[in-house]
Amino acid sequence: MGSGRWTASMIGGVVLGLGLVAVAVVAPIALAGPAAQLSGDAGQGPGPEHLLGTDNLGRDNLARALVATRLTLLMTTATTVVAVVGGIVVGVGIWLSGPRVRKVALRLLETAVAYPSLVFALVIAAILRPGVVSSVVAIGVAGIPSFARLTANLAAKISTSDYVTTARLLGVPTWAIAVRHTLPNMAEPLLILATTVFALSMVELSALSFIGLGVQSPSYDFGLLLNESLTQIYTQPTSVVGPSIMIVLTGLAVMLLGDALAARANPRGVRPAVRRPSAPAVVPVPADDGALVRVGNLRVGVPGGPELVRGVSFTIEPGEVVALVGESGSGKSLTAMSVAGLQSEELEMHADVLRVGELNMLGQPDAGRLGREIAVVYQDPGSTFNPSLRMGVQLTEVLRSHLGMGSGRARKLVTEALARVNISEPAQRLRQHPHKLSGGMRQRCMIATTMVTTPKLIVADEPTTALDVTVQHEVLRQFRRIHREQGTAMLFISHDLGVVEALCDRILVMKEGEIVERLTPDRLRSRDVHHPYTKALMEAVPVVDVAPLQGSA
Amino acid sequence: MTATLETRGLHVSFGRTPVLRDVNVTVPAHTAVGLVGESGSGKSTLGKTVVGINTPRQGQVLVHGEDVFAVSRRRRAAMRRQVQYIPQDPFSSLSPRRTVGQTLAEALDPVRARPADHEEAIVHALEQVRLDAGAMRKYPHQFSGGQRQRIAIARALVVQPRLVIADEITSALDVSVQAEIVALLRSLERTMEASLLFISHNLAVVQALCEHVVVMYRGAIVEQGRVDDVYRDPKHDYTRTLLASVPGSEGFHLD
Amino acid sequence: MTSVRERPWVRFGLQRLGGLLLSFAVLVAVTFVIVPLIPGDPAVAVAGLEADGAEIARIRQELGLDQPLHVQFLDYVGGLLTLDLGTSFASGQDVATVILARLPFTAELALFAITLVLVISVPAGMFVAFLTHGGRRPWLDHLFNVVTSLVYAVPQYVMATMLVVVFAVGLGWFPAAGAETVSSLVLPTLALMLLPTCVVSRVVRRETAVVLDQDYIRTARGWRIGRLRLFGRYVLPNVITTTLTLSGLILAAQLGGAVVIETVFAFPGLGQGIVEAILSRDYPVIRGTILVLGLMATLILVVVDVILAVIDPRSMEDDHG
């Protein structure tokens, strides 16, 4: 379960937590005297004898705050147990019951969760007489709905997972699914949530005592101490310090522990951004260099970590279609994104040359020129367009932002382009949100906009991977069409040798961050490849064989 | 010889939307049948209906000649075990908190699920998918995607089913890993007693693996037959379009 | 075309109405059972152990305890329909009058706090997310985390007490109690808003970070849109939906906070009222106040739902369950 490394917050949480438990155990024994003794010196300010002064009956404020730790922690633990156990029982129960009951129960839970739990606790406090047990019951029961909902959500997620479905099909009884699959897989998130419940319970129990509906004198917890100190706030302002600090420390300890647990369960690898050396935005192109794109010795890597692209060099001539082929982790997308100037800021990037036209992609070229000269088409898993904006706004973005067109003209041009890539009712489509269009349509829309912006280079990163074969066919035709009609150069990323063979002029095979073989479609077609990886890749892809039988039957 | 699986006039709808319309499929004994079609064609729904994840509105599912819906609950549960289902995603098909041995033991004995009781069968199943016996005590996160898919295959095989339904099991994998799985399935076909219903959108993989193919389009079957016959001489327009869309095939043109 | 567009609104309206009725039914049921659930004889509990038989009989009649349970319930519901919430034991006043006198104070306090929370935390959260995205400015990331965690660890009543000690007792800038002047609203509002401001700005920051990592933002970057436009046009609408959903719940929970805060500042709102009522076992007032607080919570959530539907029509299509 993650690494066993101790982070600062984890150490802080454990130390604070253990300290508080120690206080809870020791203080009521060691400080029983000063905490309960009615001395003559009532209402004293802070002094050497009483660090935080005394209350109106002459009892030591600090001692009382420390002694109160035991009752507060005990009550909070009991409350947490009530809320968590109750929540798990209700949550799992809902998930185990039939679909009708489940629907109604979830609806009721939603309603219950919407009410402030403290108000709900007040209802219970109104029924029972104020006191230790009724506080625990009130806050604990009030916490059940939200924990039940979290449990039910987790259980629902797990019970629709493939492994539970498979277990069901195998005839595993429901109780066994709950015990073997649901509960173990919920344990970790539930533990983290339980720390939150603990912190909230402490806060709410103290709140209940604070408003006078919880613990009753002569017992006392943090909340009641704070309440008592409030009555003498003008005469004895230091008396609020003890309970306040104890409440905050307890909350902090639990929060740190919860954060540490969550971080262990779910390490979030945020790497710091890399400050790139400044470089000119534009580089002169030598007269004898006719290439549109020149990449020389490109290296991309995690700072202080592995290098993911290791010295890649290639060129793209104007109007040429070049393919980068490889499997996941080969570095093909990183290479393409470096060429497009869209590399992640967390990665280090070096190159001898990296230019598109005269734009230096190692520097910070003008956004307008980048937008006009390089178009990017991504894979479409259904999320390439902003779900809350209509297609029209997004498809005309480059025209309006970088080509200075008005909205009307831009829409008109895009509408025409959509019609050219065989999209029905193009004007209508511009008024729709992305989710109303199919994946193939969205991809053709993306291509259509590049017909209008006429970039010099299109960088296409697995543009047909998420599509069905017939749709892929249509999308590839549109790429070919742009190339034919406008002579646009392309850098085409794919893992599919068949696709690149049909579309591209040159094919670069990448493996582990390096180009291992440079091919032409003809050589690929005649299987004239040399590098063992290319051979393996070619053999790995079965080819549909529809050739007539050649005697061998 | 009785077919391993036969569906008769199967209709399935989600709400008011029909997903399967009058589907009649036959999987003969000891045969691998490919089920091809594009997204939304209903091929996955058909697989899920056969194993009982979806319920048909109308029609029959016969396993080895017996109607699954016409028998007693007890009998149906026994019949269900003869049809094993392998889902697409190897990362969600294995419970992260159970060892491989426990997962396989649960398939053999759903109630007690103790690996120690079935060590021999489990080791044998793991050997079939070319994993060593030590895998038994490991957890899914210790394996790669391709290895997990093998474990899922082992879980299906360990109960010695009559029919294995593999639902796009190579689609989430890299091509070289996909090739390994295809090679494994090919070698298993030779030794295995069970029939295979291989659901895929990849026509080439189906050709490499299956004798028969069923082509689905918009919830209906448009064509079925021997793979070589269908691919060489498709009768239906949709099959033709589908075949011509595969890069490298004869009808594939971009201009 | 129009009918297709209208239908989701009709369905949405009906669903929300259904939800509202359900919430109300739950509220009525919960407030009703308070009295029958009191252990022992509720009338004795209310009257106190030293009360004589006549007094107990009077209270029993007042609460309708001499009737069978279903009659009590019908009486209760009937009373609600005619806005008759009964008579306060303590003051002998009509409960509706008692509540109406207190309601404006709580509403004012909650409204001030909610507005300030949203106005501050939404831009703050987005700004921090934007500035720290992709591992930039790690110091700001840490600062934000530390400050929000610290404030988060301080419960509202402790915060309120500290504010009183510093600004009322120490500096004497604002009154420590009451609700007579505008300045007496400052400390309660501050005490009520600080914690949710931290919670909501953390939520907003997290949501913004999530949105910034989405494919469609990558697409928009590919179009080389300026940062300001990217932020306003492409990020904001997607952050708002999730933020509002979560904020709705957080803000409804602030009604509970208001109950406690009012006690600190002797603020004559519903919170203080219900605490007094519980202490004096004034059941008609308890029932009425909880009903009103519950309705306010429901109302906040309905308003959030409607705002969401207006901003993002797709949210109407998501059904519960």
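To keep things simple, chains are lettered A, B and C as they appear, and every chain counts its residues starting from 1.
In this text, contacts are C-beta pairs under 8 Å (C-beta built on N, C-alpha and C of every residue); 3 or more make two chains touch, one makes a residue touch a chain.
This one's a predicted model, so the numbers in the text were calculated from it and none came from an experiment.
Chemist: Thinking of each chain as a vertex joined to the chains it touches, would you call that graph a line, ring, star, complete, or other?
Modeler: line
Chemist: Going by the average position of its CA atoms, which chain sits the greatest distance from chain B?
Modeler: The chain farthest from chain B, judged by C-alpha centres, is C.
Chemist: Which integer distance in Å separates the CA centroid of chain A from that of chain C?
Modeler: Roughly 28 Å, centre to centre.
Chemist: Rounded to a whole Å, what is the gap between the Cα centroids of chain B and chain C?
Modeler: Each chain reduced to its C-alpha mean, chain B and chain C end up 52 Å apart.
Chemist: Take the average of all CA coordinates in chain A, do the same for chain B, and state the distance between these two points in whole angstrom.
Modeler: Going by mean C-alpha positions, chain A sits 33 Å from chain B.
Chemist: Touching chain A in the complex: which residues of chain B?
Modeler: Residues of chain B touching chain A: 38-39, 51-53, 77, 80-81, 84-85, 87, 89, 92-98, 102-103, 106-107, 110-111, 113, 155, 159, 174-176, 178-179, 182, 201, 203-205, 207-208, 231-232, 241-250, 252, 254-255.
Chemist: If we count contacts the way the header does, which residues on chain C are in touch with chain A in the complex?
Modeler: 19, 22-23, 26, 30-31, 34, 37-39, 45, 134-136, 138, 149-150, 152-155, 157-158, 161-162, 164-165, 169-170, 176, 214-226, 229, 233-234, 237-238, 241, 249, 252-257, 259-260, 263-264, 274-275, 277-279, 281, 283, 286, 290, 293-294, 297-298, 301, 312, 314, 320-321
Chemist: Residue numbers of chain A touching chain B in their complex, please.
Modeler: Chain A residues touching chain B: 161-167, 169-173, 176, 180-181, 184-185, 327-328, 468-473, 476-477, 479-480, 484, 495-496, 498-499, 501-503, 536-537, 539-549.
Chemist: Considering the complex alone, what residue numbers of chain A touch chain C?
Modeler: Touching chain C: residues 102-103, 106-108, 110-119, 122-123, 125-130, 203, 206-207, 210-213, 223, 226, 229-230, 233-234, 237, 240, 244, 247-248, 251-252, 255, 270-273, 340, 342, 344-346, 367-368, 370-371, 375-376, 378, 381, 383-389, 393-394, 397-398, 401-402, 433, 435 of chain A.
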